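Each of the two complexes below includes chain A, the first together with chain B, the second together with chain C.
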Partner chain A sequence: MNATLRQTASSMVEPLTAHGLVHCYEDSQVLRGIDLALAPGSVLGLIGRNGAGKSTLIRILLGLIQPQDGQARVFGEPALQLSDAAKERIAYVPQQPEALAWLTPLQMFDYLGRFYPRWDHAFAKATLARWQIQPNRVMAKLSPGERQRVELIRALASQPELLVLDEPAAALDPVARRELLREIALRAGEAGATVLFSTHIVSDLERVASDVAFLHEGKLLLHCAVDDTKERYARLWLPASQRAAAPTLSLSRRAHEDGSLSLIVERNARGAWPEAAQLPGARIDALGLEDLFVEIAE
Partner chain B sequence: MNTLARWYHAPAWLLGRWIATPVILLLALTMATFAGTLADVFSLSATTGVTAIMQVTLAGLPPLMAAAWWNLIGGRALSLCFRVNRMRLPHLRAQLLPALVAWAVLTVLLPAVALASHGGHWGMHLALLLGAAALGVLCIALPRIVGLLLVAACLCGGMWLARTHTLAILASRALLPWEWITAMALFALTMVTCARRLRRAMCSPHDAWLMRIDTLGDTCAQLDNLHAASTSGSAKLKGGAWQRFATALGPPWALPSVQATTLQIGVLLLLTGTCVVMGMEHWHGKPIPRIEWLLMLLPLAGAQVALMVRHRLVDAAASLALLPGLGSAAQCRQRIGLGLGRPLGLFALYVLLAVLGVAFYQQLPWSWLVWAALWTLSLLALDIVAGVHAIRSQPLPEFLLCVLCFVIALPACLSLAHSEHPGIGMLELWGVFTALVGLYGWLVWRGWRRQPHPLLAA
Partner chain C sequence: MKLARVLRAPWVAAQATSARWVIGSLLVADVIAALMVAGFGLDMPAVVVLLCGVGLLWVYVLPQMLWLTQAAHRLRLPGMRRDMNTCLAVYALASVGLPALLAAVTSGQPGVTAVLAVLTLCACFLYAILPWVVSVGMCFLPALLGQLPHALDLPAPHAPGFVHWAAPLAGAMALFALWRWWQLQRRENLAVRPLFRPLALGFNVTMIRQQYAQGGGTTVSHQLDPLQLIRQRPDWLQPVADIHRTGPAFPQRSLRVALGGSYLPQRWTARRLSLLMPSTITILCGVVAIIWGLTTPDSIKLNFIGTMGHALAFGIGVVVTLTAAIVPIGFMNYLQLLWCRPDAVLPLLALLPGMGPMERMKHLLLETMLARPLKILAALWIMAFGAGLFAQLTVPAMALLLSVPVLSAGWLVVAVTCHLGGCLRPAMRRVFEWISIPALLILGCLSAWLPATVPTAIPWLALAWLVWAMLVGGVGWHAWQAYRVAPHAFVWRTT
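Coming up: the complex of A and B.
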């Protein structure tokens, strides 16, 4: 196999895959058999409520936590035994960056940059200046937002093929958030990087994500393209007189005080809504991404 | 990669950087000074008879107890109080405030009255106890190293006062008006400083870590849940008597489990037992030199250092685990182990030198030194390995194990120094040592085999 073929084969390997991930913290089961695969070049937004297990899932996917069952693979390698070659292609920004807090941003870049073959020193310095972060101040003394931005620069400067961000916008102001989203879009669009990020901010997700996955009660719901969600899912409203005809399969089900029922339903394989949508008084409402998540999570 | 670059790249350089050599030297010197002064005082007291040692005991131990209590428990309850206040949890606040007052009465007011009834002026005793309690809280609010140095400096000063009998003279007279004003102003200033720094720690995890109140984390998570429950009306906060008592103890005992309560009772028993034994001036009719106590404290010092390294390791684990260039799991283990071993080995060496200095000065038997040094170094080494393998620390078993070793080793220490058959004491000591190191070693070995990678979370 020549070099070009090897490179093509390597780029075809799914950057992240997971099969049957199960994990518990003491008496609560956080993940209940998660299956996931990220296509190369995709931007997956992972969304879920507080404590849903997003951070745990991300850490397991990267091999930072050993799951109780199931297996995660990064670039085809077991996540728990990543080679240096695979690690060079990954960048991860944790939710609360705490490591190396006793270094200044410049010292940290100097230190970490030596580990990565494609480290972009110019980018790191320029972005640091553009984001107005003091380069010679110990990171422990930076604000949480500044710390997170330094971590983002660190992640981007290594020019990763897989960028994993755990709530990257949580501590950022709107301007910094916009910059971050632009960088993510650039990396995914121009460099072909695969991005996985978790967030609470649905508008961010709609802006840059190509796919969305909703983690709820330990399971991944709605893993599909962002553009498909409006077409595939809707709210079916049934009056009290038609409650008995409600479909058994639905993503959520809510009974109202007047006896009516609303359900989140999905189109079937033929692209049709459930039969109950044709009943007299029944109504199908299109939902935005945020409304969809609220309906399911509540 | 050349040697310098390899050293530069070693993660342990990052993890161990906080133990700069000058800091280690300063700590070792302070410990040696403190050890020497303390040993000197007790030796002198033992030779000058019961009156002298009683003066030291009466004047010195209650403030020491007050400082320890407010450092371990009261200060944390105080910081919890700030958080509860900010979260507007009136039930918990109502439990904490009276408890803090009760602890103040029990640890400051009552001892002052009791001491005054045995001699000396109540005002001076009260001032000493208040100062000690404030010092205890201050040590939580200050960065770890500063707090440690402050405690060591105060202890050295206190010992010097006791050694020159100034403490006994001071305690026997009333405070002058200007002394009252100065003492109260200092106390108020200290408490304001503590309050400001503790509030700051509430907003910054890094500050909280520096100030040694990062153990608030679990309690705060519970508080968040309670807060959510109370605001949503889905649950009511219960206030049983046992919970009030436990809440009063502050983190890590607030909102406790049975395990945490057991630990808290254990701390109380240990503190009480320590004071009782420290108050003993004779064993089988012979005076007791107290240098043995210092040797017993060495493993604790080593464990504290290893614990700090563990914190650093856990904080940096995620970043380091994904860093290319550290090699396979086995290579990574080796590099971290070697890198961590360097600063900690230096620390152990300095401690050992300090002990040797004290022992030489006190003309202690060499068997003691071999035992103390081996115990310290072995535990330190095992702690490093445990840290590398991210083995979770289990406070209750570790604490019970320490108490057990302490209880077994104490009579052995005393009999070893004064018994006609020192071999039995030495045998007992070596037994405890071997059992402890063996058990700990087994736990570490088990962790080693189970952990797929040294930097992965358990």
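Coming up: the complex of A and C.
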């Protein structure tokens, strides 16, 4: 009974949380006070331009970088002081995996399988064969795409409750990418795993993510359900004559040569667009996720 | 104006800023010291001091153009090779001309000085651009050259006939250096065969580390990274990892598998053994021959061979001591390369379950990282002891010789702790490395051969070691404090 209660309690703990994360490299501030929480079972797609700080954020969330300020927690534990029990529940695939490159895929699975109590040897071997990766070739000699797929198998074989993928599709061909997305959806849907992945490919995100977070200039500009973005955000176009009435709160603001103005705006708590949308000549355009990303990032 | 740009090339081509400052300051200090010594009327010592600067220039600065050569060759940049050759020619003229000029003004022996300068220049340049295995062998040269004039009855530099035998030797060395440089300029990839890689490519560790951290694409530094070396090695020469006895029950061995490189537990396949056996047997035969030559003087009738035997014993001492100084630096460089890549070993080890609390992991990691190099240093200590016995060193000289592996071990402990704990900012860490590493190498080398030839130098060497140990010890204390409070050992820090 107690064990069941403990299990329920632990599964209710948010897999990843961050409060006020601040980090900078030598001459540039990368993260400016990030707050983030991942609900159990959700699939969060982290999106942002090159150098936006996605990888840094992921590394801080997992305790691989010590932030200058703020705190990250994994399954309720401080990310920098994870216990073995927490680590068993996590799998992370970095952007350019290079660890254990002196082993063959089979050796790596054999080696890592000893550390993870729920390691699925059969899955690892079968997927390796299905993805046609040479099992006895030293990993340093595999192509970047093959190397990334081996890492994905490694991550999935440990049957994690939290799967974190940093640009997992970067080196994959379309077929492998589709298989990866299917696998993510499967893990999240059937096993209830929580997934965080960063990407540039908006179509991937639309296909599998339940939530999206947009990181821009060190801040999380939006964090909501993917299905809500179309309803919640839009482009407000104001003619030059109405420019002065533009709302002060907006996700992005772009002035055109003819004096008109484009803004990305959000519905307020009552579900209404800003008042400026009612002005004569003003126009509200619904945006797809990719257009929304481009409008904000440009 | 173009000449000025060309002359700046070796300085800006590959050296890190801190390295430029250190070497530049040393060169300026060397010229000032030479002028001051000349001012006191000590003509030959002034020339010797100036030649030290020439040596520094031709070991550390000019061979760095190899980086530029490789980049220019890959990018097919026109005119670059000509510019670099012009640069070398101008520096060579200055390196020979300035000491000769100083000698002409003071001692009136510009010819002898010019020949000495060419010999210094060529020896130093060849040391940096020859395959590193040959360069290590060149450590025998000071001992051999010191004995050669006596053995072959050749006139010393201050004797009248010196130029007659030294000038042709200098010419031959210059031609050899030119041929080697010409050859290197046309090589596509200098790092393909690690044994034949010029020593100069390993000098610029900072640059290697920075480019490796950025996942550098086509530069030489990228080819020096551990993964690239695995890729370039043929399958039959690939070390076969032995992953037996790994897992949570065997944390140290598991860590060794994760660290790779020299730490990796390996299975010795028959093919690899067959490759290693002949070289091992050859080396052993050489050692036995030397021991036999030294311990049976009646059988050796020629004074020349006897002298060479002693020189070889010195040489072995120098090589062993230098190796003792180089081994920890090599291990440290490898670990720094591993730690500077955020996607390499750090995430794997930071998130690997079953290794216990982070505090335990910190101690385990330190033990694992140090165990292997310390065993090698212990073996070198025994070899140095043997070489010291054969060279019949005095007790103080022997003590100095044997202190080198011990102090190297101390440096390694401090450097690894400092690296893991991140106690120094990157700039300060470079300053520490730039002071402690050259001092370790120079003092190590001097401790190997100076006490036997100049016994009065022993107290000064001991004092220098003491100062060095205090510096390293001070950093070590801070490193240990920082490592103790670090959240874990796998935090990624920018280089």
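The rule is simple: the second predicted complex is superposed on the first by the 297 of 298 C-alpha atoms of A that agree within 3 Å, B and C clash if a C-alpha of one lies under 4 Å from a C-alpha of the other, contacts with A are read in each partner's own complex, and residues count from 1 in each chain.
Throughout what follows, contacts are C-beta pairs under 8 Å (C-beta built on N, C-alpha and C of every residue); 3 or more make two chains touch, one makes a residue touch a chain.
Just so it is clear, the model here is predicted, and its values are computed rather than measured.
Once both complexes are superposed on chain A, the partners chain B and chain C clash. Using the contact criterion defined above for the overlaid structures, shared-chain residue A:Gln107 touches chain C, although it does not reach chain B. Contacts of A:Leu186 after superposition on the shared chain: neither chain B nor chain C is touched.
Looking at the shared chain after the overlay, A:Ala99 reaches both chain B and chain C. The wider contact with chain A, measured as residues touched, comes from C rather than the other of chain B and chain C. In the superposed model, A:Gln81 makes contact with both chain B and chain C.
Looking at the shared chain after the overlay, A:Tyr25 reaches chain C, while chain B stays out of its contact range. In the superposition on chain A, contact of A:Ala39 is made with neither chain B nor chain C. Chain B runs into chain C after superposition on chain A, and of the options 76-84, 94-102, 274-282 or 292-300 the stretch responsible is 76-84. In the superposition on chain A, the residues of chain A contacted by chain B and by chain C overlap at 59, 62-66, 80-82, 84-85, 87-88, 90, 92, 94, 96, 98-103, 111-112, 114-116, 140. Of all residues in chain A, only 25-26, 55, 59, 62-66, 80-85, 87-88, 90, 92, 94-103, 107, 110-112, 114-116, 138, 140-141 touch chain C in the complex they form.
Residues 215, 226-227, 230-231, 235, 238-239, 241, 243, 246-248, 254, 257-258, 260-261, 264, 341-348, 350-358, 487-488, 490-492, 494 of chain C are the ones touching chain A in the complex. Residue ranges on chain A touching chain B, taken from their complex, read 59, 62-66, 80-82, 84-85, 87-88, 90, 92, 94, 96, 98-103, 111-112, 114-116, 140.
On the side of chain B, the complex with chain A involves touching residues 5, 8-9, 14, 17-18, 205-206, 315-329, 452-453, 455-458.
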